[in-house]
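The first chain written gets the first letter, and so on, giving A, B and C; residue counts start at 1 in each chain.
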Amino acid sequence: MSSQPAKGAQKEFRKRDLFYLVPLWVLSLIAPDPYLYHKKEFKRKDLYYLGAIGLAPLTWSDPHFHHVMVLAGIYAILALGLSLFMGYAGQISLGHAAFFGIGAYTTAILTTRHGFSPFVALWASVLSASAVAYLIGRPILKLKGYFLALATLGFGEIFLVMVRESTDLTGGVIGIFGIPWFSVAGFSFDTYLKQYYLIWGVVAGLFIFSKNLVRSKLGRALLAVAASEDAASSVGINVPRIKLEIFVLGAAFAGLAGSLFACIMSTANPETFGLGVTVPIVMMVILGGMGTIYGPVAGAILLTWLMDILSRYQEYSLPIYSIILILLLIFFPDGIGTRLNVRILYLIGYWAKKRKRDEGKL
Amino acid sequence: MGAIYALVALGFVTISRASQIINFAQGEFVMLGGVATFFLLNGVRLPYPLAALIAVMIVVLVGFAMYLSVLYPLRKASILILIMATLGISIFLSSTSGLIFGTLPKALPPFTDEQPLMFWGISMLPQSVWVLVSTLVLLTFLYLLSHRTLLGKAMEASSTDPLGADLLGISRSLMVFLAFGVSAGVGAFAGILITPIFFTSYNSGTLLGLKGFIAAVLGGWGKNSGAILGGFVLGIVESLSLAFIPSGYKDAVAFVILLLILYFRPKGILGSPFIDSRRW
Amino acid sequence: MKNIVSLLSVLTLIFVVWTSPAHVAEKPYKIGVNLEFTGPWAEVTKTVKNAMVLEVERINKMGGIDGHLLELLFEDNGFDPGRAAANMTKFTADKEIIAIVGPFEDNLQATTRAIAEREKITNMIICPSNPMVRSLKQKWAFNIAQSDIIVSQKLVDLSLARKYKKVLVFHGAWPLAQSLANYYKAFGEEKGMKVIISQETHKPTDIDMTPQIIKLKPIIEKEKVDAFYACTGGPPGPIICKNLRTQGIKIPILGTHAFGFGFIIALGGEAMEGVEFPAAKPVVFDQLDENDPVRPVNIDFDKRFRDRYGVGADQLAGYGHDTIGLIYDALKRCQGKVTRATFREALENTKGLKSCHGIYNYSPTDHDGLSKTDMVFVRIEGGKFKRFKLPGFE
């Protein structure tokens, strides 16, 4: 903003400024700092978030609120894993739903057919999803850009067909019913409130893990890979290996989410793990802000509530939903949080500069 | 079936020749073409050729509108954003057409007689012959457009060397804009051709689009002839594979082919003008 | 968040096509409707919704139930189990809602039934879900439509009357079609028929069945099968018929009750001629016997539906009508003391309710309302559904 605005307009502009600057300032207090990964220590804001998440279900003791937040938490785990792969390593995956499905089916089969406890099945799900990711990651991760997107999409579709057709193992199109509630050492998570704390506890744990991860050597290496693979390999980073590692980690997150999802929904069937879940998860990562840790969690909460609220518009819900998604993409291609923060900084800077200039003139 | 994949693949190639965008909503153009013709034919009661023509024009307008409203503002965005934006458009188009035209599947009357013809013991619908012939005509047209006219050459230039195209005074946005129109038109035309044989319903576009994309990659990304070849190869392999595996696995065949081709020969069968010159 | 929710619910009240009189003495009875308004079932659920709205308006015009009006709350679950479950908890959280209708898709029902059981709220399922879920014998779930068992029994009757000894079943790869095929085989072989269930399947989105048919052709010729059972629903039905005829296979085709829609004939054209299937009564309500108890119900409902929406009522509209009819009937029998528990008791004791699809009887052991006698045989002739009778079987 180098050009000098007309003198008459200045005073008017300042008053009007307050209308959006005040809400933006309030937002900036709440919204996470997008560039947090530079900083080492936990900020006070983190504690606020933790407190808000912990107290929210007690304030709104509505089971529906708990239920939607449980779903949001599961999406948050998924999005967190995907964000490490997409946001940090700069790759594209449209097949993440398949790992979600692998986790869910592993839990479903182990608990209903073989009588394992959900807690054991959870670890088995994480392992199986990671193992599959390791196997397919090797060939697939050689691809880039559109072709990587398409290959992962293809993997997702192949997974769905396998699930539908191997009737003996997965129950085919009918799926598996009667998966028990999640329980640890005899304590069963049988209400939505308990599940809420379970899921968000897991989210908080994974959140801290991811946060440490991206500040570690691996995390720095990932950022380098995302910026330029050639440059990264020239400074001695084993690019294929690091991509594979993060892919497997993302799949492990998804397997964990799938296992919890199966326990909460008590069913697993193929329709749940298709493109219908991939699109929202990827949107959560994008809208939250690529390359942030808060982003996917915030995106998950936002989109899950959006879907829930739109439910009441019946046949109009899907068109409205897609329009909102497209608009958000157009206006916030780097994520809502990121864009808001940048805009706030910019506006505050502009406002301060303007005041100084005015004072100087006065 | 192969001809349809080929036609959808052609649409992808047309856009890719002008820009780096891969339009995941291409399948929806096909769907819209069929559904809009059905509506004009039975709702407005226009004669068949007129209905088809207007439907193609409507879909071309949708293609233009889609570029102007969504992809032009996102022209500097990353690949991921473009993928999600076109997927979002795809959801929007299919759900809106379901809302406007109803979600029941539509069948158009065939262009000519419905009696199956027999060629060397293989029964074939006359409509299939129409599809084959039209595909060839369209291919010729697109070939002439892209290789023999200034416009086509400008389009290709703007994709292979954006900076060079800018220097020569080619408006890249305009080229992509036109490419969207052409590819929407091709898609709509494909939709009208196939609706008499296969029914078109509001949600049939997505899978068609994906398979068309696979066909384009299979034949050689960025080549019209590759798209046609890829389409037919994919259609034939899919049909033949049913002799060996249960039909439930049919949809997986295309994706397995995709993974194999991406791994072993990302250039596709005929080779691609883009793969080596650009990093995918 | 709460503010947004309440603001939106106010908006919804305006949004939903709902005209309730301003002066209502008593609180309305609320019914939650959790259906797939978007996704592959959109058209189906729209018809059901229209019928339900029509019926509720009629009941409210008559003064409701003991001065209470009926009110429907609609939520779209977008074909997603997570959202279907979230809608269920949303409805159960609203203490005024006494019952929940839907969802339509089998796989979503498993989830919502489990929630209904836990939260103790009646869940009325329009389309019967797959037998694995039904066999759980749930206390709070009730089925409206004809179950796969009675359809299969009726179809076996049809095959026996036509003296088909060998039937080839080509079924869809979704729960209902699979269980229809299995029950048909079980009941048919009890009666001495030979039923071959093909290894080939199809999906609801398949647009060309020629490859499968070509694989089935040698079986048909080698085994000399008498009839081909297209065990499917929706668009695949006419596609199969068309592909069969294109391949020059001329054997009779049997269909399921899901063939009873006008659009099936429109799609299939001439290939559909001569297809026979057991159908629900609304499909051919004008051809029912004069003394059939459900004939006047259907004629009256069809007229009102046609006046309001411009198209005639079909099976699905019938389901909507019957759902509201059952609710109305059960609420009346609650005699003013309406809670979720008393409503369930009353619904379970429904006896001899005449509605569009037939006569509904529920009992503590049977939550499928209809029986075999509520179906008729139908053949497609000259582009129309034509009822026919088979002596000894009907």
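By definition in this document, a contact is a pair of C-beta atoms (placed from the backbone, for glycine too) under 8 Å apart; a residue touches a chain by one contact, two chains touch by 3 or more.
Here the structure is a predicted model, which is why all the values come from computation and not from measurement.
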Figure out the least number of contact steps between chain A and chain B, where 1 means they touch directly. 1
Of the other chains, whose C-alpha centre is the longest way from the centre of chain B? C
Averaging only over C-alpha atoms, locate the centres of chain A and chain B and give their separation in whole Å. 32
If you average the Cα atoms of chain A and of chain C to get two centres, how far apart are those centres in Å? 38
Could you please state the distance in Å, as a whole number, between where the Cα atoms of chain B are centred and where those of chain C are centred? 37
Interface hub residues of chain A, defined as touching at least two other chains: 164, 315, 318
Please set out, as single numbers or ranges, the residues of chain B touching at least two other chains. 95, 99, 246, 248, 251
Could you list the positions in chain C whose residues touch two or more of the other chains? 38-39, 42, 173
Complex interface listing, chain B residues touching chain C: 1, 95, 98-99, 102-105, 107, 114, 116, 123, 125, 197-199, 201-204, 207, 238-239, 242-243, 246-248, 250-251
In their shared complex, chain B is touched by residues of chain C numbered 38-40, 42-43, 173, 199-203, 205-208, 210-212, 214-215, 234-235, 238-239, 246-248, 263, 266-267, 269-270
Quick check on the complex: what are the chain B residues that touch chain A? 22, 70, 73-74, 77-81, 83-85, 87-89, 91-92, 95-96, 99, 206, 210, 213-214, 217, 246, 248-249, 251-252, 255-256, 258-259, 262-263, 266, 279-280
Interfacial residue positions of chain A with respect to chain B in the complex: 86, 92, 94, 139-140, 142-147, 149-151, 153-155, 157-158, 161-162, 164-165, 275, 279, 282-283, 286, 290, 315-316, 318-319, 321-323, 325-326, 329-330, 333
Can you list the residues on chain A that touch chain C in the complex? 60, 62-68, 71, 164, 172-175, 177-178, 192, 265-267, 269, 271-272, 276, 305, 307-315, 317-318
